[in-house]
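For clarity, chains are labelled A, B, C, D and E in written order, and residue numbers in each chain start from 1.
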Amino acid sequence: MSKSFGALRVTQDLSFEVGRGEVFGVLGPNGAGKTTVFNLISGDIAADVGAVVLDGQDMTGIPAFKRAAKGIGRTYQIPRPYTQMSTFENLLVSATFAGQMRGQAAYDHCATTLDECGLGDKANRPAGSLTLLDRKRLELARAMAGKPKLLLLDEIAGGLTDGEAKDLVTLIARLRDRGVTIIWIEHVLHAIMAVADRMMVLSFGEKIAEGKPDAVMRDAEVRRVYMGIEA
Amino acid sequence: MTDPHFATVHRHTSSSRIAIGCGLLLVLAIPSMPFWASSGHIRWAVELGCFIAIAQMWNLLAGYGGMVSVGQQAFIGLGGYALFVLVTLFGVDPFLAVPLSVILPALVAAPAYMLLRRLDGPYFAIGTWVLAEVLRLITSNIGAVNAGSGMTLKAMAKYSAHQREIGLTLLVALLLLLTVGGTYLLLRSRLGLALTAMRDDAVAASSQGVNVGRMRFSVYLLAAVGTGLAGAIYFMAQLRISPTSGFDPNWSSICIFIVMVGGIGRLEGPIIGALLYFFATRLFGQYGSAYLVVLGLLTLVVAIRAPTGLWGLMTRLRPWPWFPTGYILTKG
Amino acid sequence: MRWVDAIIQGTLLGGLYAQYAIGMSLMFGVMRIVNIAHGDLVVLLALIGISLAAVFGLGPGFLVLLLVPIGALVGWALQRFILNRLVGDDPLPSLIATFGISIALQNAMLAIWSADTRSLDAGALASKSFQIGEMYIGLLPILVFVTAVILTAGLSMVLKGTKFGRALRAAAADRDAATLSGIDTKSIYAKATAVAVGILGIAAVFQATRTTIAPADGGGQLIYAFEAVIIGGMGSIWGAFLGAMVLGIAQVIGSRIDPGWGVLAGHLVFLVVLAWRPQGIMSRK
Amino acid sequence: MSEMLLKARALCGGYRDFQALFSIDFDVAKGEAVALVGANGAGKSTLFKTLVGLLPVKSGTLTFNGRDIAAMPAHTLSRQGLALVPEGRRLFKGLTVEDNLRVALDHARTVEPGETVWTLERLYDLFPILAERRRQVVEKLSGGQQQMVAIGRALMAQPKLLLCDEISLGLAPKVIGEIYAMIPSIRATGTAIVIVEQDVSLAQRCADRIYCMLEGRITLTGASSDISREQITEAYFGVKHAVG
Amino acid sequence: ASNPTIRIGFVSPQTGAMGSFGETDAYALDFIRKHIGAGLDIRGTTYAVEIIERDSQSNANRAAEVAGELILNEEVQIIIPASTTDVTLPVSEQAELNGVPSVSSTAPWQAVIMPRGGDAFEWTYHFFWGLEDIIASFVNMWSSAETNKKVGLLLPRNTDGEVWGSEEFGLPPALRAAGFEVVKPSLFEPRTNDFSAQIAAFKSAGCDILGGLVFPGDLRTAAIQCAQQGFKPKIATIAAGLLFPSAVEALGSLGNGMSTEVWWTPAFPYASTLTGESSAQLAATWEEKTRKQWTQPLGYSHAIWEVVLDTLKRAEDPLDRASVRDALKATDLTTMVGKVKWANGPHPNVSKTPILGGQWRKGEKWPYDLKIVEAKTYPIMEPQAKLEMMSWQG
């Protein structure tokens, strides 16, 4: 995949694969192009060259809403709730359209998901009144409500307390156990290290490392570029 | 209920059951008016019905679709002209021509949307206005429809006053069922969810599986058809149409006033707003400029003090919705 | 020659639209305030000016000196007491409020000044022109155009390169954050609207000199001003100016082809520009 | 404690019909680094917004630099040296990186002679990527880059007290490291810092004192070296949950 | 002791762009209300008369709405659409369909009859002159001066402009028949800002005469641009736009010497059948009361009430629409503006009244005075002056 914004080349010949039921971590300095990769996968923006293949199906040229229905769910780094709808209705949208559920099944699924994400008591509150952190939770809940096969998580652990981060990791592990494939962009290392099966590190749109979390973190280049540890 | 996650979702309330029941009865009562009401009241019902329909369509477009238009007069004029052309030039029966008149607005709305779809917010608004002006200017240059001097619906004279009233009231009842009832059903359906979601954030909605492009298009088209139908009925009652009366920007002013004062983004708003506007104009219209100054200031006060409109104020006092479209999770 | 003449006349006509458009560009393009009463304010200022001229026997030049501060004051008050409560991401509230103001203002003016048409007599200035070959170029349109250029250049400079301009753009983008950066957003907005309406004081004098003024005339030029701002690209003052030129030239060329199609030609060009570059011709996006 | 810069006593505040702060006592001394911790929804951001005047003080007293600022208009506070890096960045969209920073410079506090001044150059040294993107409109920056601009904008105001709400949110570890490494040098110029930080050990390391908030109240305060993790955890969650 | 009440509906543009037309209507209404304050005595029975006025807001839709309301809700016996085709057409249409007599004036009869199909109507009656008269009057005026007989026509794109410019029954064919060469660019959009195309066409054809129908706002724009573009015809005769003194004043010195049609002036040799006042007295009272110069619609605003009251008095049953209609149809009355008698008309629903030609000259009491320069078409009086050439002195 490649993508340029004008003269700025954001990702360049980037290729990677994620196995079914895997938690795949994506790390990289700010501006490395991680969010852009998500936008390319979810179809929010179109790639200049390259292809996204989900379950053997080529997604190139397929608009975002169809990709969602085919099982790609995502969260936004900067939350984008439907501010005038209630939290519950926010979920209902993706359960209905991305998850293609109807009626009682959708209600049940959304109510469960809200509880799982710790928003159970805010179900009927307008999403616009949520705090930043709750909005981030809502991002996750809404993506989950769409019953995705592939879940793209963009920095959802930032700002969580240790305890909350642990809960989150547990939740993600549970999702994986249900067979959901997860790609997770995260700067909160202890959280992602706790659950990722494999990781990739981007820098200036290029992959500088990929592999098991521990191995990646030991990589000198990664330590220098990303952690700022000269060794 | 052993399943702890069996969710209970409420949509209707007792107020809504009463309101919808009453509303249906009222609408169904309209066609019976020729048998008991005075001609004057029938005419009121027809005009009021058209205002409600036009405002409700604007509300669907602006309040739910997020597409603020100041050019809905385009479709009022097209609906009206379609009727006059069908009747006068093609000799179609007027009452039969009314439902056929929505074809023209639909045919124009489709390409118009293609042009406007890339615009949002104020861009879209101005775009619709220009489009309406373009239609007005083109119409006033077409000789076959009498160009600038407009057309007259002489064919109505072949019906008796009573027959005309029966026809018109039937059409208005149908119009209200389609526009108010139709919008309500649309909003309660899964499409309603999509519509509200994309109004709040179109990008997020499309990544959640909502086909934003098609939804917007459908809403634009539906609003055009509903507005066109109302336009045809309105001008059938007025008997005359001209480019300046059909494509009068004042229609947008009326929509804005009714919906904003009534309450935007709620189905109840346009109904309350239309009632207020209609009776205020009839009661105080003869006070000329003083009345209009007050009307203007009222709009200003609503914009500042009560952005949710009269319906917003009413719900704050008594939260009794007539047309609930939301989902309230009571147990989950 | 015929077409050269058309382009020149169109450009000069564009100068007229630019006078409306640049104030609107400031309010609509930068602050996202849709001011429906823009044209009515011109009429108000013109009527005040005509009355002053009648009572004190003032010439147009002197009137400009009076109307600009009056306009600025009106603009300041309008923003301070009304529009400041309504600005935000959503342009709808300001649209509704100014729509209400427009109706109230039009009818209040009708009650005060009656529906009579009035104008300012600029004497020979209005009908004077220069002859170049077969072409006649009116002095008044040239004055209108030159004034528009000066206003555009000035305003654009203020917006781009001054502390005031940056503060205004910042306040328009995020009021709370602007407050945090030490900007008194309400006062900045009030000043900006004062500038926008002050400019209309100049437009009012020109308008009353080149045609007539009656209370219901306000809406007439409004659509052109909006079109110019959008053609140019929101927020760009030079864009609005350029948009006004495009519109003026399109209208004149259109009416040379057939006088009935002049206004229509302007609208069609607007739609074409929108289809081709919805973000406007001067926008870098 | 040495000279007090900010002093809040029995401060109450919140939103229109919702009280979120209850009788808060909160002090910051000149040049001090203070950490504010607390669970999601505890009221940290609300406290910050109240301190800088974005939300009204409902009752209690609030002084900054010896002056009562409780009723002062928010926009006058930045000139007195109070700056906030707001939650969620709140950049000026449509303006370039440099214009965002300049807006703050335009209205900055006038520095006294001898004080170190934050200039654009100094900031670009700190975040070189911003120098590269200086002419780009901010909404096209990546999340982390935007956070850098937000920090930069607050610094440009030449603050005496810098309030940072979730400063490290969205930043790569390397940048977080750099920012925290910078704190001593900021403090050295006499500027005090309050940070909201979820990483308690990091907070403890870089702050002199810690305040813990729970449900709109300060539940624990003290020198960071004196407080144990357990105390913090308890103050965090009350008695409801204890993290195992 | 309640008297039977006759209800009269009255629709006029009091607000909006056409507001100046409503001024004399409101004045006459005031007068008539006082005049019949005690009620109307009809063959021994005293009837109370209620005049219900409605504002059309210068908007044709609104005019139709209020007409429907007056007819159906207020159940008026007769309806008066006062001033401008935007009121007359929709109101007449409502009256015709719902069977209510309507009486109107102040628009060339073709503009009221032709857009509605041109056939005979049962309920709606109109008195005014027609295009054939104004053409004759214009031709007489223009023939009285030395010109090259080339006329440039300026007409707006609206009902009036369409009718005046009609190639069937409008100005162009008639003028050609009278030996004039006609330059007629297509109709302009009202409130247009640029007339350079039309002016270029007139200039290249070398027109000595500028004619047409232009409303005041457009007229000033056009006149100034004519002067700028060096197009200075010897004669400028414009209908509608020069009706009101305010419009002539708005033209500034360019208005001096422009000529126009005259519907009514204080010099008309008729008197009111209601008060016996002469035309001059009517104008004098107006000027005294309003401190404004008299305007041409004043005569018609008055005359329409003469017709209405006369009709009601003759009606067999003034409370019955059909008998009011019959009385209206049988009208034979010499009013302030001349004789009204539908039996004479060129069309069953039209009664013609006189038209003269006038020229605006610098005045004494008021800035500009309207001098009658043409009275051949309807020789009801002697001309007051001879048509002079325009000076175009800016």
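We adopt the following convention: a contact is a pair of C-beta atoms (placed from the backbone, for glycine too) under 8 Å apart; a residue touches a chain by one contact, two chains touch by 3 or more.
What you are looking at is a predicted structure, and each value in this text was computed from that prediction instead of being measured.
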**Prompt:** What's the overlap between the neighbours of chain A and those of chain E?
**Reply:** B
**Item:** Partner chains shared by chain A and chain D (touch criterion as defined above)
**Value:** none
**Prompt:** Among the chains, which has its CA centre at the largest distance from chain D's?
**Reply:** E
**Request:** Just give me the whole-number Å value for how far the CA centre of chain D lies from that of chain E.
**Result:** 75
**Request:** Let me have the rounded angstrom distance from the C-alpha centre of chain A over to the C-alpha centre of chain B, please.
**Result:** 41
**Asked** Per the centroid of Cα atoms for each chain, what is the distance between chain B and chain E, given in Å?
**Response** 38
**Prompt:** Taking each chain's centre as the mean of its CA atoms, how far is chain A from chain C in angstrom?
**Reply:** 48
**In chain B, residues with contacts to at least two other chains** = 137, 141, 288-289, 292
**Multi-partner residues of chain E (each touching 2 or more other chains)** = 15, 157, 187, 189
**Fill in**
Among all residues of chain C, those touching at least two other chains are 107, 110, 260-261, 263-264
**Asked** Which of the chains touch, listed as pairs?
**Response** A-B, A-D, B-C, B-E, C-D, C-E
**Item:** In the complex with chain D, residue positions of chain A that touch it
**Value:** 5, 27-35, 77-78, 131-134, 155, 158-164, 166, 187, 189, 225-228
**Message:** For the complex, give me every residue of chain B touching chain E.
**Reply:** 38-44, 47, 137, 140-141, 146-150, 152, 154, 156-157, 161, 234, 237-240, 242, 244-245, 248, 250, 282, 285-286, 288-289, 292
**Message:** Taking the touch rule as given, give the residues of chain B at its contact with chain A in the complex, in rising order.
**Reply:** 3, 5-9, 190, 193-194, 196-197, 199-201, 203-213, 265, 326-329, 332
**Complete:** Counting only contacts in the complex, chain C reaches chain E at residues 2, 5-6, 9-10, 13, 16, 107, 110, 114-119, 121-124, 126-129, 131, 136-141, 210-212, 214-217, 220-221, 248, 251-252, 255-256, 258-264
**Fill in**
Seen from chain E, its contact residues with chain B in the complex are 14-15, 53-55, 57, 59-61, 64-66, 68-69, 72-75, 86, 89-90, 93-94, 96-98, 114-117, 156-159, 161-163, 187, 189
